[in-house]
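Comments concern the structure below.
A, B, C and D are the chain letters, set down in written order, and residue numbers restart from 1 in every chain.
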Amino acid sequence: MFSEIIQPRFSDTDALGHINNTMLPVWFEGARDAVFKLFTPDLDLNKWQLIIAKYDVTFHAELFYGQEIELRTYISRVGGASFDVYQEAWQHGEKCVSGTTVMVNFNYSDKKAMPISESIKIELNKHIYQE
Amino acid sequence: MFSEIIQPRFSDTDALGHINNTMLPVWFEGARDAVFKLFTPDLDLNKWQLIIAKYDVTFHAELFYGQEIELRTYISRVGGASFDVYQEAWQHGEKCVSGTTVMVNFNYSDKKAMPISESIKIELNKHIYQE
Amino acid sequence: MFSEIIQPRFSDTDALGHINNTMLPVWFEGARDAVFKLFTPDLDLNKWQLIIAKYDVTFHAELFYGQEIELRTYISRVGGASFDVYQEAWQHGEKCVSGTTVMVNFNYSDKKAMPISESIKIELNKHIYQE
Amino acid sequence: MFSEIIQPRFSDTDALGHINNTMLPVWFEGARDAVFKLFTPDLDLNKWQLIIAKYDVTFHAELFYGQEIELRTYISRVGGASFDVYQEAWQHGEKCVSGTTVMVNFNYSDKKAMPISESIKIELNKHIYQE
């Protein structure tokens, strides 16, 4: 599990007084940096090799401004050329949001999916989600 | 079906040269205004009665800056107190992104789900998605 | 003057119930597309030749969700290698926000400012701001 | 001086390969939390008493994804009912962006500016910017 603590910003709120739902994909993508580094250790965009296929986000409880949020990032599936990242946002002792993102190992010059190397699979499996 | 044409903004792109995936929930929420008005015709935030339970977003093809995008919004399920909004983003003649959002009719003072009225159900059913 | 009408989105609001101040640079950049096209008519990012040097934004009145906003874009200065874009956001019959952005004609391969061509200067001058 | 370290997110970049200019007001507002707490120690939005009058942002050098950024926040003017916050964004040993925000002590029920109390002025003066 990778953990990141963030401080929600005033601009992340909406007129209903809590964090707007559209911030979660932004935060979750930020927290996936730890996963991106398994593929591109220096995060060099010219060597990027991941593309997003799909994500879902489920809201369990409201998130608020003024209290820090913990983002927990796990790997929940390792396939041949793709894998799933499962993430949670915790605040005030509660799991407030969870979601899964399907990432594909991708060759941007060919525009084709590529098999994930065995060495990266080993790294991904170190962070596997256990319910 | 509700249709909205938007012009993607420079700031919606990311370093891979296309539209960043996190913009889709923003655009889809914007395009749900048409649905919000069935519940709160003047969009008065003090009378707001919808809360988001879940959404998913699937990426079929890249979206680019410099060409307009059509957002298509349908209702794909009408339940007792909740309903699903199915949406698509089209550009260069292709369905590039699709996604479904589960909305709940919600009483913000009680913090409880409420049954959707029959008259609103009739309106929602006018925009039902047919595959 | 270039004019663009936008519909503010729910996610553009903040917990104080109005549009968050950080949306204005986003909207103003979007509305500068008309100016970008004078330099790069097809908005092809590989031929981009503008860089931002500075901007300021002044808030005269609150902007709200639920009513459309007109973005007005003018040129307020044409220099040798740089120019100023002056913009306003209007809602409910009022000029609510105004701001100026300093743009530089820039060669991304040399990382150097370049003189603006006479033909582009003529185009810029057609949209000059008159108080 | 208040200092905050942030990790720029993938979604903060744009198609030119660096951080998009519109992120700076977002980050600077986030970093002003330290200042907001001088007025509203618990950041309770129902007791909020600040409004933004104006800001400017100047770009000195590009900011990139993949390296942390330090946001430095100072007070550069203390007036009767308003004050200026001067901020800088540093990366790779360089001051890349700077900007000043004019904040007004504001009574949201009366919609009127209010004098800043002497005790808050003392706190603000502890963080004054010295060139």
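Here, a residue touches a chain if its C-beta (ideal position, glycine included) is under 8 Å from a C-beta of that chain, and two chains touch if they have at least 3 such contacts.
Note that this is a predicted model, so its numbers are computed, not measured.
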item: B-D compared against B-C, more contacting pairs; value: B-C
item: Chain centre separation (chain B, chain D; CA means) in Å; value: 33
item: Centre-to-centre distance between chain B and chain A (centres being mean Cα positions), rounded to whole Å; value: 22
item: For chain B paired with chain C, centre-to-centre distance based on mean C-alpha positions, whole Å; value: 28
item: Residues within chain C bordering two or more other chains; value: 10-11, 13, 15, 17, 21-22, 26, 29, 45, 65
item: Pairwise touch network: line, ring, star, complete, or other; value: complete
item: Contacting residues of chain C [partner chain B, same complex]; value: 7, 9-11, 13, 17, 26, 29-30, 33, 36, 42-45, 65-66
item: Chain A-facing residues of chain C, complex; value: 10-11, 13-15, 17-18, 20-22, 65
item: Chain C contact footprint on chain D (complex, rising order); value: 15-16, 21-22, 24-26, 29, 45, 48, 51-59, 108
